[in-house]
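In what follows, chain A forms one complex with chain B and a second complex with chain C.
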Partner chain A sequence: MHIAVLAKVVPDYEVPAGDFELSDNRAHSRYTRMMGLYDENAIETGVQLKEKYSASLTIISYGAEDDIPVLRKAIAMGAEKLVLVTGQSDDASVIAANLKMAIDNLGDVDLILAGQQSADMDRGVVHGTLAEMLGLTFIPQVSKIESENGGWKISQLTETGSRDLQFNGKGVFSITSIPENVPRIPAVRAIFAAKKKPVEKVAEVESNAMGIEEVSVEIPTMDSVCEFLPVEDVGETVKTLLTKLREERYL
Partner chain B sequence: MGRIPYWNISYGILIDAFAIPFVALFVYGMYRWWKLIRQGRARIRPDFPGKLGPIYLRALFTKGILGTKIYKKPYTGIAHGCLFWGMVLLFIGTALVFLNVLFGVPVFNGIFNRWFMSFTLDLAGLAALGGLLFLLIRRGFFSPERLTVPKERNGFISIVILLGLILVTGFLAEAARIAYNGTDPGAFVGNWLAQNTPLAHLAAGSITPDVIAGTWFPPLFGDTQGWLVFHQYMWWMHGLLALAFIAYIPYSPLVHVVLAPVNAALADPLPGPKMGVMDFSSFEDEEAEDTPPLGAAKLTDFTYKRLIDYTTCLWCGRCHEVCPAAQTGKTLSPKGVMVTLAEYLQQGKLEDESLVDAVSSDAVFSCTTCAACMEACPVCINQPKTIMKLRQHLIMERSEIPELMGKAHSSLELRQHPFFGTGAGQKDWRKDLEVPIFEAGKTEYLLWIGCSVTYEERAQKIAREMVNILDHAGVSYGILEEARCTGDPAKQMGNEFLFNELAEQNIEEFSELGVKKIITLCPHCYNSFVRHYSKLGGVYEVTPHSVFIKVLMESGKLNLTKSTKTICYHDPCYLGRRNNILDEPREVVSSIGELVEMPRNRRESFCCGGGGGNYWAEEEGTRINQVRTREALDTNADVIATACPFCLLMITDGSKKFTEEQKAFDIAELVSMQLKDD
Partner chain C sequence: MKTLIVEIIEPKRLGELVTVSKEFCDTPDIVALGAGDVPGVYNKAWQTEETISANLVPAIAELIQKEEYQVVLFSASTVGAGLAGPVAAKLSASVVSEVIGIEPDLVVRRPMYGGKAVATYKITATPAILTIRRKYFEPAELEGTTAAETLTIAEPLVSLIAEKQEKSEGVPLEDAEVVVSGGRGMGGPDNFSMLQEMAEILKGAVGASRGAVDEGWAAPTLQIGQTGKIVAPGVYFAVGISGASQHLAGIANAKCVVAINKDEEANIFKRARFGIIADYKKIMPALNNVLREE
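Moving on to the complex of A and B:
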């Protein structure tokens, strides 16, 4: 079994709003670069599957060569190999086409995992597009994967509930975050070993971008508003608070 | 006429001959321990003034031989002191008898005989017996919880019986001798026994069956010959039991008699666990055949000193009694850790890697690294180092860490600070303030802000007020453009590798900037700079802000008004217990208000609960910070002062349970409030 996990290096996704600034319509380059949060969940899921089913695990990324030191963490977590397609496009279609090329080059990939959305663009589009290009089934928001009778038993977790699915064949799954796939801290020996593991750099291929033009980019402005909620019943107050935060789209 | 050695004893010299097999048993028992201990790792230790090879002479004498730490509990300490020193004097007396018999050393004549061989040795025996009785009653009837939780050590009753018999038979043999030969000036116990017990009749020649019938003496000794036999029995019993005692030492908890001084002599006298830094170069070296273990998974991963710790430990539980984790219902008991390791050692499970799981990961990560256990230990055991070694193994080899602590760790790895999800930006703390940036060759002091002060809103005030103080005093200082963390949280969580990476980055930047003098706001940063950066090549003159304020006050650069407020000072563990900075903060507090002490203060201070990475812990049981805050509030002081941002945050949080008033302040905030305009 060969599992590939897609990982993207993004600017720090926890920069406080008051400290966040744009440069050329993107997060300022001064912010530390790291792997996306959901991508790390996907890597952890991949490592667990590898350990459970004696699979091989490859990390595939599309980005700059400077991302390699960051991506080494994924190898240290338990992957065997890193394939980096060097490119700078933000276009989901271009990224998907290049990831497809890398997967095709590997030849024997059975399962492709990816974080449910990137931590910078928050689109959650690339993996679906990639599945379409590969002609594979795409299952979003996957929380658990188990091999069963030659196929896969999958749990899908959304904000409103969960459901179990069965699936046979090759597929692309987007992974959501659950306590069981909190990314592990790489062991120190694995960090040193990761430095010696192979990194395959592949030049990007040309492909058609989506017909979308970015007109402008805005970031939220800091606005302090204070509202007191009655605390006669703490449980009710918490529910009210949650509703209000959802209504205002803070959650 | 002087005393006749071996009076009434035929072939008394045989007791000296019998000593040989008993001593051989003792030597063999100690050798068995040494064989176990030497399976640990040798450690090369730096030179230290007053050190002879690996031995710290002062510590050997004070903590090892004098046992100064025992007296922190006065009653138990005095009882133990009476027993130990009593037995030491009796041993010296016996050795002198031996020298008299073999070489004719005149110990039984004149003043020496009266005041040492008779009076002092009787006093010693009496003291030992008194101490023994106290310890027996305390352990048997009023046993404190610390002795029994989580487990009580067996073997003490047999020791007490053995020692008691040695002392009692000694006194009876002496009394029988005196009763027959007449009063021995100085031997007040022997004389009393000879005069106030049936032994008196022996001297008076009035032993009759009637006399015997009215006493507790058995009829066997109903005539003079019988009493002589009685003396002989007592003498031989006393001698043989004393030899048995020596032989029994290595096979019982008595082994601490030998190992406690050894352990004290080998314990680095610098306060705190002294984790040092790790060298990871062999991991980089492709030629290296073997790489060292990261932390400790099994007993052989520990050093000799640690294995001596486990052998010496008496399970007295003083560490358990002061441990903030153990006292608030956490899984950890430092005594429990020592017990587990001692049992593994005794069972010869030196290569057994189930050790960490036997101690439990929960226990290992509950340690706040406050070092209160070390401070309390009467035999100089370094419990935190053992716990930290297990923690290092869990995180560096097994990637195991509690979830919340893991998030802080990941943030530290990714962002060089552990405050994940912080709403504060790097420069927020200095909003609307003019704070100079450190300039190479121009600025004298680097004001090191540190992570907690940068990213925790409540702690930011510390830096703002310290800036006010430094400006007021006209100090040449500057900060780094980018806020940094020393890496201390990584070290406390057990990841020495991450600590090294962060420290080396900082040292490189300091070298580029030519930083020589640093003022710290956080004792954890201070501890890192002085204890660990120096080992990585970063040697600086580092001053904690509480000490720096005191220096400014003394040099007349701060003009302060004294308020009428009562101020209770909480000692941060990393400033007080770990670095012995106890007086300076108190002097500062006393200059701005009236200092009030909590019951547990100075080196016996109780942790706030935030150390050892436990600032990022979901606590089970009672919250440590609430216990400490309650103790502070019970002093009825107007204000709780501290000199550590983590303590400030923990106590601020802890006080929310008891009061809505803001009670906790950093020392810099309080000083800044009392600054007078010039």
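Moving on to the complex of A and C:
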């Protein structure tokens, strides 16, 4: 079994709104680069499947060479190799076409895992687009995967609960977060070993972007002014709060 | 512009998409997913009980092509997320997800960077496929019903073995006027009962941050935020929640936020109308006491 995980390196998604700055319509380049949060859940899921089914695990990313040190963290979590397609498009269709090329090159991939959404574009489109380009089934918001009688038994989270699904064949699943796939912290030994694992760099292929023109990117203003309530006498604090909420007709 | 709505039969979700469709046409067509009558008035209606997106992709793509729709609307939901990418790729269409604003001439707005920025796009090629973020558009009142033709689904690829509905008592989270949410600062699952008690007295609902969900203290269906539920209550109580932008993305339309956090630097206070800098273990029991006595 060969599993591929699609992982994207993004600017620090924990920067608070008040400190966030743009340059050229994108997050300022001064922010630390890190692995997308849901992509880490996908890598963790991939590593668990690898351990359970003795699978091999490849990380695939489309992005800049400078991000290789961040991607090595994914290898340290338990992957064998990294394929980086170098490119800088933000178009979902272009990214998907390039990830497809990397998957086609690998040849024998049985299962492709992605994060539920990237932590910069927050879009949730690349994986489904890729699945269709590969002619594979796409299942979003997957929380658990088991290999069963040559097929897959999958749990999917929905707005109201969860579903158990079954299907045979190759697929692209987007991984959501659950307590069981909180990403592991790689051991120091694994981090050193990851430095020696192979990184394959591939130049991007040309492909058509979607018919979407970016007009502008703006930082919305947050104009709430917080009134802090004194806490010396907690009984008074809560009474004041409730009175204020009622006076202003929020309650 | 010829517009198609694809949505599960649920009046509020349908109503929001009908509202959005008015930006593009007088009366949209619909593919209604699930059993029962199709509420509202449409030019043409199709219906199928299938709700697994992978099984719907071929039939929906074919319909869009055959009927030459220019705009296709899904909600940003499990089924919408499963349809948007594949259907767009099949049709070489343009897709914009998580749309929160619409302007004339196919100009749309969506958040990025966890809501720290908002991008505006002009869609230059149709069909345009949009997934609409919940709670940003007032749901249209759906009067009457429309008779639907069956949408034929080919041999399903994915089969449903079991479905588990998370039990929810009282008001649904998305409709609640009062939401009491707990985060990683709750420190464990047990004290969520304090939030539950308050929600019950105020006829509201309990929510959670991804922090609390990741810890296993709250069900994923309670997660609020960009990748959870979008809520728009009158009052939102954030208890032990740091106020990450991705969490705030779920409460952008809350009228009043009350934050209880022991860290005065916590980002949640930048969004809050009222702030209490304290350990929630002191505040919540006192709040419940006063509410109980009233």
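One rule holds for everything that comes next: the second predicted complex is superposed on the first by the 223 of 251 C-alpha atoms of A that agree within 3 Å, B and C clash if a C-alpha of one lies under 4 Å from a C-alpha of the other, contacts with A are read in each partner's own complex, and residues count from 1 in each chain.
Simple rule for what comes next: contacts are C-beta pairs under 8 Å (C-beta built on N, C-alpha and C of every residue); 3 or more make two chains touch, one makes a residue touch a chain.
No experiment lies behind these values; they were computed from the predicted model shown.
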Touched partner set for A:Gly150, first chain B, second chain C, both or neither: neither
Which superposed partner A:Pro16 touches (first chain B, second chain C, both, neither): both
First (chain B), second (chain C), both or neither touched by A:Gly135: neither
Which superposed partner A:Val182 touches (first chain B, second chain C, both, neither): both
First (chain B), second (chain C), both or neither touched by A:Gly107: neither
Contacts of A:Glu248 with chain B and chain C, given as first, second, both or neither: second
Superposed model, chain A: greater residue contact from chain B or chain C: C
Partner chain in contact with A:Met34 - chain B first, chain C second, else both or neither: first
Chain A positions touched by chain B in one structure and by chain C in the second: 14-18, 179, 182
Touch list for chain B against partner chain A, complex: 280, 283-284, 286, 291, 294, 395-399, 401, 403, 406, 409-411, 413-416, 420-428, 495, 497
Of chain C, residues touching chain A in the complex: 52-54, 57, 77-78, 81-90, 92-98, 107, 111-126, 157-166, 178, 202, 210, 213-216, 220-221, 226-227, 229, 234-235, 243-246, 248, 255-259, 267, 269-278, 282-283, 286-287, 289-291
Parts of chain A lying in touch with chain C, wherever the complex brings them together: 11, 13-18, 20, 22, 25, 27, 38, 92-93, 96, 116-117, 119-133, 137-141, 143, 153, 156-167, 169, 174, 176-179, 182, 208, 210-220, 222, 224-229, 231, 234-235, 237-239, 241-242, 244-245, 248, 250-251
Partner chain B, residues of chain A touching it in the complex: 12, 14-19, 32, 34, 179, 182-189, 191-192, 196
